[in-house]
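In what follows, subunit A forms one complex with subunit B and a second complex with subunit C.
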Partner chain A sequence: MQLQPAMPRSWRVDTKPHKFCPGCGHGLILKCLGQAVDELGIEDRVVYGCDIGCSLLSWDFFNLDTVQTHHGRTTPVMTGIKRARPELICIAYMGDGGGYSIGVQHLVSSVHRNEKITVVLANNTQYAMTGGQMAPTTLPGQKTETTPYGRDPEVTGFPFQGPEMVSAIAREGAYVARGSISNMRQLTGYLKKALVNQIEGNGFSFVEALSACPTNWRTNASETWSFIDKEMHGHFKTGEFKTPGSGQGEVRADE
Partner chain B sequence: MLQKVIQEEKRAFMTGNEVVAWAALAARAEIMFGYPITPQNEIMHYWTRLAPKYGKSFLQTEDELSAGFAAAGGVMSGRKAFTATAGTGNILMQEPLSMAEMMRLPVVAVIQQRGGPSTATVIYSQQEVNLTTMGGNGEGLRIVYSTATHQELYDYTIKAFNTAWKYRFPTFVLGDGYQAKMREPLTLYDPEARGIQLVEQEPFVGQKGSPGKDRPPAQYRNTYNLEEELFEKLMSDVRDYEKIIPELAEFQSSGVEGAELAIVGHGVVFRAVREAVNVLREQGIKVCYFRPVTLRPLPVPQLKSLAGEVKKILIVESAYGQLARLVTEAVYGANAEIHTLFKPGVGITSGEVEARAREILQKPLH
Partner chain C sequence: MTLEFVGRTMDLEKGYWTVFPDLCKGCGLCIEKCPVDCIDWSDVLGAYGTPSVKADNRCIACGICQNICPDCALRLDKKKTKEH
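The block that comes next holds the complex of A and B.
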């Protein structure tokens, strides 16, 4: 068995401990992402983009060239970099509000154009940075600051199915998966495949990661994990939705 | 692949939008991001026809937010990227261009003004002065060139890339639908053949070497922990901007000395102003003209001294006081009376300017 390094090489040591709240999912997702970058040895070619939302706290997180943009606009900024310098590997990291709400037109359009970028989206079922409002991903009945009596899907819709939507409109060559911080080995694998897909120039790649926001959920450690495993996993299937060469296949469930 | 865009100077007769595409090529722009909107469309149409022949690229984005942000990404990667828009597109463009302002990104945007509403008369206006000069959620640290002729569209589009990359502030070329759509003769030239040095582009991200080993990682942000930290950053940008104002601010004026009335106009309206001034002066009436070429930064000291020199100022524009607000603020404290001729969204003839000047000077035509 190979021991995992405590900190990925691509992390900046001088900016640790990181700025996320204790127990936050962002740090775990970025650990997986850092490991994927390390394993592929691509740090010289990566441009990492992060959004507005708690992802912005990662603007100095990596030993990677980084652009922290506006809310929802990381996808077009990374698109612009990739279009102008195709040899760079562009990663757009954002929250569910950024990717599925204010920037959803950019997500849809970049999938549709099959942009050769990698979008990584942290689904924490709400707008964390602004204090816990409803997001497109909020679960039915879930209480947030703007759904204090619980989300009523008749009024505000059901949880947004991101990878499902992306794989439905993605072209052959795209890679689409949903992982979770509760299975970091699998999530790292998905992120690695997503990056390889970009490196090989196959097409768009997208990984949603089920994340945690104990601060706004107001959960302790065990409640946090149980919310992810019992509640979130019930609404959001993890697995690979589309891999290059697989056609428009069904979701392949977890191993 | 064709190398030099323009081998030797040549006279051309073309629309303003075509001029912009040629100028961007001559300035060695590398990639355009755009979204259709009248009256800017033909900039994209000509660029998409010309660009592949010179190894340049184009992306039609899903909206102007994306066009502006992708252009920001393009310049960050070290390529001369630009965009063009108008009207409601200019509103959406303000978000990415505000980011460009805060991050000091040399994005070039060509605006062919059409004003509001979202559709209908989409051809002409000067109603995007507020938006283009101060439309962001910031301090307006940007450069805006207002062109009056096709030759200037060519000259200033080339200049816009140089200004943007030299000073690292987003730079606008402010035209309008008339300039965009009408044909006019001009001279196309290779800037370097005329001794205009093209400023080299440099990457912000994706530089040589391994980040964290050979060099620190290049990290750019729009987030600051403390108000004071942001204040420091902003004030340093403001100081940079104020320092370069004397190099940047441009104007055109004639006959100021001894004039009683100064007529101020910008862009295509300036042509009517100049003609009216020429006619009036031939008749011995003491008028002069003053035209700000840069609306941001405005040539403030020159406007102030103008207002000290003449008794009256007439501000003429195809908007309801957008230029006038800038000018009156600049000349605040001077004694000159301010008069106006506002025709929002409508063209202005030299006859109208002349008539208004006569009215102000109480010199009716006999």
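The block that comes next holds the complex of A and C.
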């Protein structure tokens, strides 16, 4: 047998090359997720749920049990699986359209109930599968199909800050972080911590990953990297927003 | 269904650099991330009929290209250095 690609063990080899566009950030986020699953050795216990949008193209991506649902419903479906079989490790994977726009109520409710699941959200600043329309995370001045002159914050608001919102309403034990595909080692670490948080049963785990969409941004490779590193990092701060044991921060309850 | 991929291995000074044209989609992310600019387009076509990549002897075997490839189309195996 010849030298084979260095794929994570949890990747399904017979479905590669995967269905994402050239240069898509989903491949990189799922590579980090696969490495995190490999390092923890939990392939036989993971249930992977993908949402609608480009993220559904990962339905045959992993050698893991996979469910595909619609419009942010991945979070409640994973919640149900976790409640029925608490020994399983449930990962809900979605895009910013499913998680922050049409399915934000499920995300908010799950955080509010402190469900012991892991949510991984890919933020590529637009609805990529339908052709690049404006999403809640679109940057001010960014041109999309529905904002041809650039997004006007006076009319449509500023980019949606997901991890900030989740950390504001999350209870003690939650893990909230934002990583980026331009720093994959950090992103793998966040995903691993989020999975460990679920395994330990502390509470809700949420990781947003800044992703790339060269097809709808209409960027070449160098413009893609500069858009992520300069434009996106200017609006979305990476880092850990809430870790178990850090308390409630500024909104600590009187005890 | 492809279970076995055929790689193009380049025997460079610091390591064995392998590209799998069946996986390479020609996005060019590795070309931008290479710290010594040793990766360039090659004549071998990739998965979507776009050019795949190649490397030359300026490669320092850092492994960033293998890490950054969304399709795992690159693999780098460092050569063992001689013991002094």
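Throughout what follows, the second predicted complex is superposed on the first by the 242 of 255 C-alpha atoms of A that agree within 3 Å, B and C clash if a C-alpha of one lies under 4 Å from a C-alpha of the other, contacts with A are read in each partner's own complex, and residues count from 1 in each chain.
Please note the rule applied: a residue touches a chain if its C-beta (ideal position, glycine included) is under 8 Å from a C-beta of that chain, and two chains touch if they have at least 3 such contacts.
Note that the structure is predicted; figures quoted are calculated from it, not measured.
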Message: On the A-aligned overlay, A:Met184 touches which partner chain: subunit B = first, subunit C = second, or both, or neither?
response: second
Message: One more residue to check, A:Gly203. First (subunit B), second (subunit C), both or neither?
response: neither
- request: Determine, under the contact definition given at the top, whether A:Leu56 touches first (subunit B), second (subunit C), both, or neither.
  value: first
- prompt: What is the contact status of A:Asn220 with respect to subunit B (first) and subunit C (second): first, second, both, or neither?
  reply: second
Query: Is A:His18 in contact with subunit B, with subunit C, with both, or with neither (first, second, both, neither)?
result: second
Message: Quick check on the superposed pair: does A:Gly97 touch subunit B, subunit C, both, or neither? Answer first, second, both or neither.
response: neither
Query: First (subunit B), second (subunit C), both or neither: which does A:Pro159 touch?
result: neither
Statement: subunit A contact set shared between subunit B and subunit C covers none
- line: Within their complex, subunit A touches subunit C through residues 1-7, 11, 13-14, 16-18, 20-28, 31, 184, 214, 220-222, 224-225
Message: Which residues of subunit B touch subunit A once you look at their complex with the stated criterion?
response: 30-31, 33, 57, 59, 61-63, 65-67, 69-74, 76-79, 81, 95-96, 99, 203-207, 209-212, 217-223
- prompt: Tell me, which parts of subunit A touch subunit B in their complex?
  reply: 10, 12, 43-45, 47, 52, 56, 59-60, 62-70, 73, 76-85, 88, 105-106, 108-109
Query: What residues of subunit C sit close enough to touch subunit A in their complex?
result: 1-7, 9, 16, 18, 20, 22-23, 25-29, 31-33, 47-48, 50, 66-68, 70-73, 75, 77
